[in-house]
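Consider the two complexes below, in which subunit A is the common component and subunit B and subunit C are the respective partners.
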Partner chain A sequence: MNVGTRKILDRSFTAVGIGSIVVMGIALLIVIVPIVFNGMGSVFFTGTIEHRNMLYNEFGKGNSDVLARENAAAGAYRREIYSMLSKFEAELESMEPEKQQELRAQYGPVRTALQALFGPLPGDPEAVLTRYKYGQTRWDKAQEKLHEFLYEAKWDYSDPNAMAKEYFVSRAAGFEGTSLVKLFPYVEKNLDRLLRPEFTVYWGFLTDSSVDSHIFGGIWPEIQGTFFLAVGAMLFAFPLGVIAAVYFTEYAQDGFFTSMLRSANSTLAGVPSIVFGLFGLAFFINTLKVSESKSVLAGSLTLAIMILPTIIRAAEEAILSVPKTYKEASLSLGSTKWNTIMTVILPAALPGILTGGVISLGRAAGETAPIIFTAAVSVGSAIGLADVFSSPTPALSWNIYNLASEHEAAAEIRHVQYGMVLALVGIVLLLNLSAILLRARISKKLKG
Partner chain B sequence: MNFFRKILFSAAVLGLMSGGTAEAAGKIVMDGSTTVGPIAKSFAAYFTKTTGVQVTVSESGSGNGAKSLINKTCDIANMSREMKDKEIAAARAKGVNPVEHIVALDGMAVVVHHPGNRVNALSRAQIRGIYQGKYTNWSEVGGPNAKIVVIQRESNSGTQDSFKELVMGKETPITKNAETQASNGAVKNRVGSTPAAVGFIGLGFVDNAVKALKVDGVEPDEMTVKNGSYPITRPLFMYTNGPATGVVKQFIDLKNTPEGKRMISELGFVNR
Partner chain C sequence: MQMTADGRETSSKEPVKTATRDIYLPSERKKISGGGTPHVQAKDFSIYYGEFEAVKKVNADILSKYVTAIIGPSGCGKSTFLRAINRMNDLISSCRTTGALLFDGEDIYGKFTDEVLLRKKIGMVFQKPNPFPKSIFDNIAYGPRLHGMNDRKQLAEVVERSLRKAALWDEVSDRLDRNALGLSGGQQQRLCVARALAVEPEILLLDEPTSALDPKATAKIEDLIQELRGSYTIMIVTHNMQQASRVSDYTMFFYEGVLVEYAPTAQLFTNPKDRMTEDYITGRFS
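Let's look at the complex of A and B:
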């Protein structure tokens, strides 16, 4: 091969390398940017007065004087709506029955749409569910609801061979000739005065409990649950894993038994996580009965078993990569084997062991399947440390899935789901970062 | 010194985490149906707020609810179907005595894609035909010319069992081509995004994303479910081990209070 071809090959290899890094970067951007952008939307958003009322009533946050003034200002505009409604209702009574029935059928959805925007109307019975006590708390949602209020969505099925088309009919047109027709332009024009949108930074999303199954409030119980589960899993798996790795590298004799153990360990690393979940249910909860019901303890144990193989392998590699001369020097100075392991080999291998731990920690925090049957619930309060042995907990990974698939109002609270995803990604990054820093400090210390 | 500071710091962090939660007077663990889920979650939030008792709710399907009750890992099993004889026998064998409480009624809405489907009503016989695979094209039941995507629930689901009982009858199996989704929400999402799909979900889950069909000419709503004229109506259950006592009894009795009744109807379910 002459120099020319070699150069071309070399350059094209470089180009492919750079190209693949660029592709990876773009892919990462495509994944991360929406997560970050939409996730931030759960903390930074344009909130309405309904949001501030909700915060004040449910969490006691906010200034009551300012809020009272705001409510009075918005109330002045809202009273106008209410008087239009009562005027129209009186008008309805005096109409002939047929016309009345026709208008009533159209009036129902109008009221519903108004309730969605501004909360209960005068004369409504008091709502029990918190979600019906308030109007739209977010300005972007309020605008969607305004559209629903102004227009009725209909479907055009006239072409039998094509998909139906959605089209919108102005609700106002249906009330032509009655007093209610003025309501629609009024609400459209004054929506900002009625709802008083304001840029809101709601850190409570991270520190508050949820209200009415995630419709309002924050995700603290989930964050805390994720933290407990991940740390709990580490508490069990890390010491066990390191001890097992020391056994494999320093004590085990090469033989049938050891190779069996090793391949069992490798197999364990490849088992799907749902299998661990079912095993955890059958073994820890139904057989050992570590707790009465699902619990953080059972979940942590299950996660610990799942991440154990990774930790063992990483620790083994780390211990094997410690130069043999360290060990020989220590032994030649008259140190015992145990002492050598504790004072020479393990400290030198610690950075590598920690790397394995970090990867496993992230995995434990993000796994859903092992905790479905052993620890996770869709609704529950934040639990104290004393409760980890007996109580199940909400956790980010499971609740993201729950909101995506099972929640009855999933479409209304996408921002909560995004917020949870961002929080989970953030927690995993934070855990990784802190472990990387810890590792850097330890390696620096070791170098003296 | 540094070491002590670290210990102090971690103690403070732990204190922060364990604090802030009220000492629970008792706790209630619920497991089971995703259909009963909204009711259970709302009751739980209300109950915790008014009594301070911690309530946790898992939504893993009626079958899992029954299993949890049998294994004594939950206090209340939410189920969208009656407990089967087999399950009751298994419970008895483990010394568990399942007692049923009916919390609400639910109409099972048969839903289709809004724009993709002009069909507004089906008879039960037509639905049965679709699910047993006799009709495979929407044009056979008055719809557009498109292959029907049949969506069912998993075997663990109480909704699935009720559907089989109320629509299919004992003998007719559901076609093997049916696609399985694991929860009411998942069925709704699938139908909402697939023009030729048909599925069935609890009435409380119906929203603008899907179109609920008239069945045998009857629109599913609170009135028709309550008076029984809507043909696919079933009760929703909560099961306890033995007659409910203490806080569990208090919790289950919520369904008879005015607040409980309001919550049920606000969620789109029907009071008994």
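Let's look at the complex of A and C:
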């Protein structure tokens, strides 16, 4: 091969390498940017007076005097709407039955849209669910709701070969000739006076309990549950894993039994996590009965079994990478094997062992399948430390799935889902970062 | 056949500490008192790696307080023999021995021998400097701590004494809390000697202690061996025949696992009895 060809090959390989890294970076960016942007939106957003009312009534946060003044100002504009409604209802009564029926059919959705914007209207029965007690708490959502209020969505099925098309019809047109026709421009024009949008920093999203199954955010129980589960898994798996790794590297004789154990460990690492979930249910809850039903303890044990192989392997690698000369030096000074392991080998292997441990911790925090059957509930309050042996807990990973697919108002609370995803990504990132820092610190200490 | 080295030096001249190598001339070496008894005795001692016989039926007495060098080409079993003395070969699972190897008359490979106690009495320094990734102080104090010394003041004394013996005290006394891996290669090796001395062994085994060091650091280690000579029984494996002739009182020549010749160093290098030895020390093979 001549020099020219070799250079071209080298360069094209470099290009391919850089290219693949760039592609990966772009893909990551495409995923991360919306998560970060929308996730931040669950804490930093333009909130309406409904948000402030909700905070004051449910959590007792906010200044009551200011809030009362704001409510009075918004109320003045809202009363205009209510009087239009009652005027129109009176008009309805005096219409001929056919016209009345037609208008009532159109009037229902209008009221629903208004309720979504401003909360219960006068004459509505008292709301049972918290979500119906308040109007739109977020300004961006309010604008969507305004559109729904102004226009009716209809579907065009005229072309049987194509998908149906959505199109919008102005609701105002349907009420032509009645007094209600004035309501639509009024609401559109005065929406900001009716809802009083204001930039809001809602730390309570992270630190409050959820109100009415996450409609208003509040993901502290999930964060805490994730923390309990991951740390619990670590408490079981880390010591066991390190002991197993010490056994494999220092004590086990090469033989059939050891190679069986090793391949069992590798197999365990490759088992799908849902299988661990079912195993946890069958073994820890049904057979061992560590708890009556789902509990943090059962979930932690299941997660521990899942991350054990990773920890063992990482610790094994770390111990094997300790120079043999350390061991020789220690033994030649009259140290016992046990002492050598405890005072020389494990301290030198610590950075590697810790890195493996924290990566596993991150994995335990993020796994969904193992906790579905063993620990997770969709909605619940934060549990105390004493309850971990008996109570299940909400957890971020499970609730992200739950909110995205099973929640009855999934489409309404996308921002909460994004907030949870960002919280989980943030927690895992923080754990990994702390692992890197810890490792650097210990390595520096070891290298001098 | 029991091979015993004889002809001990009787020079009365005090050694003169100079920068030259001349102080190692046998006639100028310091006199040794109280040594010369068999400290380690090999009797038909063989070492096997699996089926391979790495050391073949060695018979030799290593004399206390003297420096004994082991030379020979690569793979001749000299390191294996040295490591057998403090049972470092135990780390290799396929390794086994026959015959007897006695330390102060007790069988090193005996059924009831505690290898931990044995290693405490027989210290070792390895080919590559291998300080622990700990502070200098903790490196030296490692052995004493293992054997139950916890008093900080006592430990400090041992550390100072060991470092002084290893001629390292002046260089590191102001940075005992620094990591030992920050020292130069030669300093690290002397630290390893100090670490071995801290547990107060009777025998010091040196397994090619200067092969990873530059000439200057090598000279310091050789100086150190001369300082320790007379206080400890020292065995040194070396590839460097000049080194063997400079530092040792007796020399063993191994070839393919057989102890070919064992004699006072001066005699072995000037008037070897065996043809093989002559060929080796004159550089006809290596």
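Everything that follows uses one rule, which is that the second predicted complex is superposed on the first by the 446 of 448 C-alpha atoms of A that agree within 3 Å, B and C clash if a C-alpha of one lies under 4 Å from a C-alpha of the other, contacts with A are read in each partner's own complex, and residues count from 1 in each chain.
In this section, a contact is a pair of C-beta atoms (placed from the backbone, for glycine too) under 8 Å apart; a residue touches a chain by one contact, two chains touch by 3 or more.
Keep in mind that what you see is a predicted model, and the values were worked out from it rather than measured.
Peer 1: Quick check on the superposition: with subunit A as the shared anchor, is it clash or fit for subunit B versus subunit C?
Peer 2: They fit side by side.
Peer 1: In degrees, to the nearest 10, note the angle that opens at the C-alpha centre of subunit A toward the centres of subunit B and subunit C.
Peer 2: Seen from the centre of subunit A, the opening angle is 130 degrees.
Peer 1: Answer with first, second, both or neither: which of subunit B and subunit C does A:Leu446 touch in the superposed model?
Peer 2: After superposing on A, A:Leu446 lies in contact with subunit C but is clear of subunit B.
Peer 1: Quick one: classify A:Gly334 as touching subunit B (first), subunit C (second), both or neither.
Peer 2: It touches subunit C, and subunit B stays clear.
Peer 1: For A:Phe37, is the partner it touches subunit B (first), subunit C (second), both, or none of the two (neither)?
Peer 2: A:Phe37: touches no partner chain.
Peer 1: Under the stated touch criterion, name the partner, subunit B or subunit C, that contacts more residues in subunit A.
Peer 2: B
Peer 1: Taking the superposition on A as described, I'd like to know which of subunit B and subunit C A:Tyr132 touches: first, second, both or neither.
Peer 2: Once the two structures are laid over each other on A, A:Tyr132 reaches subunit B alone.
Peer 1: State whether A:Phe257 touches subunit B only (first), subunit C only (second), both chains, or neither.
Peer 2: After superposition on chain A, A:Phe257 lies in contact with neither partner.
Peer 1: Just subunit B (first), just subunit C (second), both, or neither: which does A:Tyr326 touch?
Peer 2: In the superposition, A:Tyr326 touches subunit C alone.
Peer 1: Who does A:Tyr167 touch here: subunit B (first), subunit C (second), both, or neither?
Peer 2: neither
Peer 1: Quick check: superposed on A, how many Å separate the nearest Cα atoms of subunit B and subunit C?
Peer 2: Superposed on chain A, the two chains' closest C-alpha atoms are separated by 19 Å.
Peer 1: Hey, what residues of subunit A end up touching subunit B and subunit C alike?
Peer 2: Dual-contact residues (subunit A): none.
Peer 1: Can you list the subunit C residues touching subunit A in their complex?
Peer 2: 86, 88, 91, 93, 116-121, 123-124, 126, 128, 130-133, 142-143, 146-147, 178-182, 192, 195-196, 199
Peer 1: Can you list the residues on subunit A that touch subunit C in the complex?
Peer 2: So the residues of subunit A touching subunit C come out as 253-254, 323, 325-336, 339, 343-344, 347-348, 445-448.
Peer 1: Which of the residues in subunit B end up touching subunit A in this complex?
Peer 2: Against subunit A, subunit B makes touches at 14, 17-21, 24, 27, 29, 31, 34, 37-38, 40-42, 44-46, 48, 54-60, 64, 68, 71-75, 114-118, 144-145, 182-186, 189, 195, 204-205, 207-209, 259, 262-263, 266-268.
Peer 1: Which positions of subunit A touch subunit B when the two form their complex?
Peer 2: The contact residues of subunit A facing subunit B are 125, 127-130, 132, 153, 155, 157, 160-161, 163-166, 211-213, 224, 227, 285-286, 292-294, 372-373, 376-387, 391-393, 402, 404-411.
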